[in-house]
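There are structures below to look over.
You will see two complexes here that share subunit A, one where it goes with subunit B and one where it goes with subunit C.
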Partner chain A sequence: MNIQDNYLKNKKNIFFSENKDIQTHREKLINIFENDRFDKKNNESLKNINLKNFIDFNYKYLIPEETSVINNNHENSYSIVSVNGQCSSFKDDKIEITKILDEDYNDFSKNDTIENNDHFVNLNSLFLNSGFKIVIKKNNNIKIRISNIITDDDLTIFQKNNYICEDGSSLNLIEEYENKNNSTSNILNVIKLEKNSQINHFLIQDNSPNHNLIITTHSSCKKDSTYIQKVYNFSEGYVRNFHYSELIEANSEADLQGIFFLKDNNTSNNKTFVKHLAEDCKSNQVYKGILKDRSKATYFSNTHVDQVAQKTEGYQLSKGILLSDNASYFSKPELKIYADDVKCSHGSTIGPIDENAIFYLRSRGMSKIAATKILISSFINEELNSIDNEQMSEIIQKKLVRYLSKVK
Partner chain B sequence: MFLEIKDLSVKIENKNILKSLNLNINKGEVHAIMGPNGSGKSTLANVLAGKEDYEILNGRINFKDNNLFDLNIEERAQEGMFLAFQYPVEIPGVNITPFLHSAINSKRKRMSEEEIDNLSFAKLLKSKASDLGINIDMLKRSVNTGFSGGEKKRYEILQMSILNPDLAILDETDSGLDIDALKIVTDGVNKLKTKDNSFLIITHYQKLLDYIKPDYVHVMVNGSIVKSGGYEIAAEIEKDGFQKFQ
Partner chain C sequence: MNSETLNTLNSYSKNKYKYGFVTEIDDEKPKKGLNEDTIKFISLKKNEPEWMLDWRLKAYSKWKKMKEPKWANLSFPEIDYQDIYYYSAPKGFEKKPKDLSEVDPKLIETYNKLGIPLEEQKVLAGVAVDVVFDSVSVATTYKGELEKLGIIFCSIGEAIQKHPDLIKKYLGSVIPPGDHSFSALNSAVFTDGSFVYIPESVKCPMELSTYFRINAENTGQFERTLIIADKGSYVSYLEGCTAPKRDDNQLHAANVELIALEDAEIKYSTVQNWYPGDEDGKGGIYNFVTKRGLCAGKNSKISWTQVETGSAITWKYPSCILKGDNSIGEFYSVAITNNFQQADTGTKMTHIGKNTKSKIISKGISLGKSQNTYRGEVSFLRKADKARNYTQCDSLLVGNQCGAHTVPYIDSKNNSAVIEHEASTSKINEDQLYYCRQRGLSHEEAVSLIVNGFCKQVLQELPMEFAVEAQKLVSISLEGSVG
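Right, the complex of A and B next:
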């Protein structure tokens, strides 16, 4: 079934179908699909994807019977279980959680940085069936942990989440994706950081082989705000992590980090697009991958420095270790600089594990497997040491040990 | 015989490097191999340590009653062979202290000896580092990462003194060392010498051998040992170079 027919058939189950403006917007999106048809040749971000799974799919969504849980564990600390992309409403003097509304959709659809260029975001807008909005109120320091649960096989979750950090607030956000069923999640996180706010956003991805996860994040930072994203992908199923970041006011910062651990036939696609639109802003991107067996990864990075964005600092780095001749990692960092007073750099290093280092360690009595494992751990040592959340650090270490146990 | 190399021929990428090489080392002896660039000295060191890039065409090596070719790289190390690298490899992210602790325990395990605990190891490391004039702060760093040439060589000797090998192969340990560092490194080596261990020292220059007196000096040219004798050969080479042996 083509996308248009699929949409028309399921329209009544899709969010905001009665809203005329949204309907018009969706018709525009359908036209884009019709005209472009997921042109793999001219769109590198579609590399290594089995498109059939994502274009010709059976739409299925179940409104969760069990309601999601929100616990205020300790002061300023909340845990949320999101079921099929939905979350109950909650309000106190520090945060407010609601379903997403028409206005949130409209707000996002005006942003053409992503739409038109990213088919998966367009699919998300077209088939939207879940999502929530979280507002951190002014000058609060909040921790939120979200477990994302999918209840049934064959579900197609199209979810938009809006996070707003008001002036002077900070949010430590941990999102866990550990789904074992045969389903697809296409999630768009729209994150707004108001003045002098900060978000530390951790994403732990550990899905089974038959679960597809597509996460797109759009962050926008106002004056003196900082957005930090750290993604740890241990999934055995397909994962796409795309990040669009806009530094829209002075002295704001985006720090994006991704580490992926791939095996078997798995694929991970990663992309960052950072726009420096004001002076004195910083962006830093580090993406590292360890790939064994026949796994594949891509990393496309684009840093755009507008002509008004003087004193920009923008850094990109990608590194990969290929543990098998059949594994591949394609990396393409790009810088587009239109300002003349900037510090920017990019680099990419991908290759097999350093045989000289293996020989050195073995010559001191360490077995080949132990030497390989120690070198893999050291490859991501800096990133692991930078995790300042003890609970997160423990979770990642355990998953790393599990991945390393499969390294031969 | 402690180490017996018999008729060894080795090639790499279709190039014959070692050609029918013979060398015997007994327990407690210090042997030096001198030779011009490209004569195969480092190849011999790497083949002894087990580097897998080389193809053994002919010959055999016995080490402590083992056929060396039956042992992989780590088994050779655990059996007491140690190679001090000419170019020690930088390994960012691998901290020196746990790495060395793991190395010493892998050897003890093979020897069915009790593993050394954290506290005892820390004391041992501190004491050995102090003997070699190594700052304790250096032990908090990653293996060879950001070290100067002299620090790397000193750190190789520190590892050697911790692992206390039966046969230590020093591959141009003197290269890149100033005279003070050379003295510290060679003092470290001399402290380790006993009647039960042996040394194979590879060098271009007599200077190193002024500090570590060898029992035998061998001249290696074009993949073979062409002359063997005592310390006087080193003096001869220092005076006349390698030309007359080629």
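Right, the complex of A and C next:
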């Protein structure tokens, strides 16, 4: 079934189908699909993807029977269970959680930074069927933990979430994706940081082999705000992590980091993009990957420095370890710089585990496997040590041990 | 930034092209435009055998179906291929002069203005020069000495006549005519260029050099260079370019193919200083060059060095295909853009064989309102065990209206191969400037010194003859008054 038919057939189940403006926008998107026909050659975001799964899919969505739960565990700490991408409304003097509304749609979809040719974002806009909006009120310090649960097999979830962190507040956000069924989630997070706010965003991804996760974030930072994102991808199924950050006012900072562990025939596509649109901003993009068996990964990073963005510091680092002859890693660290008073750099390495280091450990009496495991752990140690949440660090250590147990 | 710095920068960006002059020589041209008749005309003029004409026509039919590649970060008006002369040879050059005294004195004068003492070179430098003035080889020196060693160094036209076996075997073997639209265009209409064959175990005793020069208005130059280094041989080849001042854009689409067999080494150096257009971005050369080297045999080595200061548009990716085991590919580049120049240049290293190594050093300097892009691809194929790559690309921004971009593509399919890539972008360090000023250098001298230091890693790779000229060029490119 082509995309247009699919859309028309399921129109009544999709959000905002009655809104005329949104409808015209969606017609435009359909046109883009028709004209482009998912031309892989000219669209790097489609590299290594088995497109058939995503173009020719059976749309299926169930509205959750049980409404999700929001617990105010103890002061300033909330845990949310989002079921099939939906979440019940909640309000107190610190946060407010609602469903997404028509007027939020523009924030999501008519954004220049998220490129027009990102088909997965467009698909998300077209088939939108779930999502929520969280507002952190001024000068609060909040912790939120979200577990994403999908109830049935073969669901297609197109979800949009909106986070707004108001002036002077800070948010510690942990998102967990641990699904064991065969469904597809396509999620777009739009995050707004007002003046002097901070978000620490952790994403833990650990899905079963037949679960596809496509996650896109777009964050925009106003004056003196900081957005830190850390992605830990242990999934056995396909994961796409595309994260865009815009530094729109002075002295803001974006830090996009990720680690991924791939095995078997798995594929992962990653992209980070930071756009410096104001002075004195800093950005950091660091991705590290370990690839085993026949796995494949791509990582695109991009720093764009506008002409007005003087005194910018923008750094990129990409590192990959290939553990097998059949694994492949593609990286494209890009710099686009239009201002002269900047410090920007990128570094990229791909290779095997250092043989000398293995030799050193083996000469101390270690087995080859043990040595390999130690060196893999040390490769990502910096990222693991930087987790200041004990509970989180425990979860991630466990998953790492599980991955390492299969290294031979 | 203080006002003095700004003044210096302004004076740099106003630097005029020093080599802007036109030599008036009668031209003999076919009609404008590209069609089968044009190609037949070129082929006839060059007395080519029929298989060559067929080859050209085949390339032309491929070109007709192709579109220009669009990946580069360049913007320019669409090229009207029907508004260009495809052949221009100074009159009476169909019969070649035997020595320099038979050459048009005006031509000699042109070279003298450029500071290339052709006559002196004959005696002094030990450099054999195969000068291309527009499209026909004018003079070839030191041929005799080279012949003794069995080295063939002649124009490609002559090679087609005299060495058809080599041409048939190697022409288009590294850059197939159907590779992309500019290679197809070149294959269809190439008029001249150089051919070099170094026989087994011969080390070429001198640096071979060609000066290309675009002269006639509206004449695209389509050179074709083919260098073959047989087993165990060595050759160093120099290519340098300057062009007279013009208002119309001139199209240039050269193809350069290098083939290094077992244990052979080729060193190819280029200084490119074609007319870059005036301060308002008017005129200038469109330079679409395809350069590719094939390390066919074991232990072979190909090294590209380039200094790119000219041309309104530079589209150039000298590449190496590292097919033989243990082969080595190197790429050293300095690209300076000023005013409205746009450069999208870099390299492509394809590692196929085991233990192959490549090294990329690229330095980009942007001034005025120019855009300078490094675009490079390093790929390790599945069988490239223990392959190694090191890439470093640095950009320097002078002024806040220019752009510097880095777009590397890194692809590894082998788990014993190691890739390292690093890049940085910054402006001229104020502390360094201050230090130089304090030691009594003028502001301009200081900037020139720092930039020359920034490029040194690349310039030192050039052969002696070129290094001096290249250093001068770097200074001149920056100059308002430096130099």
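We take it that the second predicted complex is superposed on the first by the 407 of 408 C-alpha atoms of A that agree within 3 Å, B and C clash if a C-alpha of one lies under 4 Å from a C-alpha of the other, contacts with A are read in each partner's own complex, and residues count from 1 in each chain.
Convention: a contact is a pair of C-beta atoms (placed from the backbone, for glycine too) under 8 Å apart; a residue touches a chain by one contact, two chains touch by 3 or more.
Quick caveat: nothing in here was measured; it's all calculated off a predicted structure.
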{"item": "Three-chain arrangement built on subunit A, subunit B and subunit C clash or fit", "value": "fit"}
{"item": "First (subunit B), second (subunit C), both or neither touched by A:Ala357", "value": "first"}
{"item": "Angle at subunit A between subunit B and subunit C, C-alpha centres, nearest 10 degrees", "value": "70"}
{"item": "Which superposed partner A:Asp341 touches (first subunit B, second subunit C, both, neither)", "value": "second"}
{"item": "Which superposed partner A:Gly365 touches (first subunit B, second subunit C, both, neither)", "value": "first"}
{"item": "First (subunit B), second (subunit C), both or neither touched by A:Leu323", "value": "second"}
{"item": "Partner chain(s) touched by A:Ser405 [first = subunit B, second = subunit C, both, neither]", "value": "neither"}
{"item": "Subunit B versus subunit C as contact partner of A:Ser378, first or second or both or neither", "value": "first"}
{"item": "Superposition-derived minimum Cα distance between subunit C and subunit B (Å)", "value": "11"}
{"item": "Where subunit A meets both subunit C and subunit B, residue numbers", "value": "none"}
{"item": "Subunit B contact footprint on subunit A (complex, rising order)", "value": "354, 356-357, 359-368, 370, 374-375, 377-382"}
{"item": "In the complex with subunit C, residue positions of subunit A that touch it", "value": "307, 310, 320, 322-352"}
{"item": "Interface residues, subunit B side, partner subunit A - complex", "value": "49-52, 72-74, 76-78, 82-83, 85, 88-89, 91-94, 99-100, 102-104, 106-107, 110, 142-143, 159, 163"}
{"item": "Contacting residues of subunit C [partner subunit A, same complex]", "value": "1, 382, 395, 397-427"}
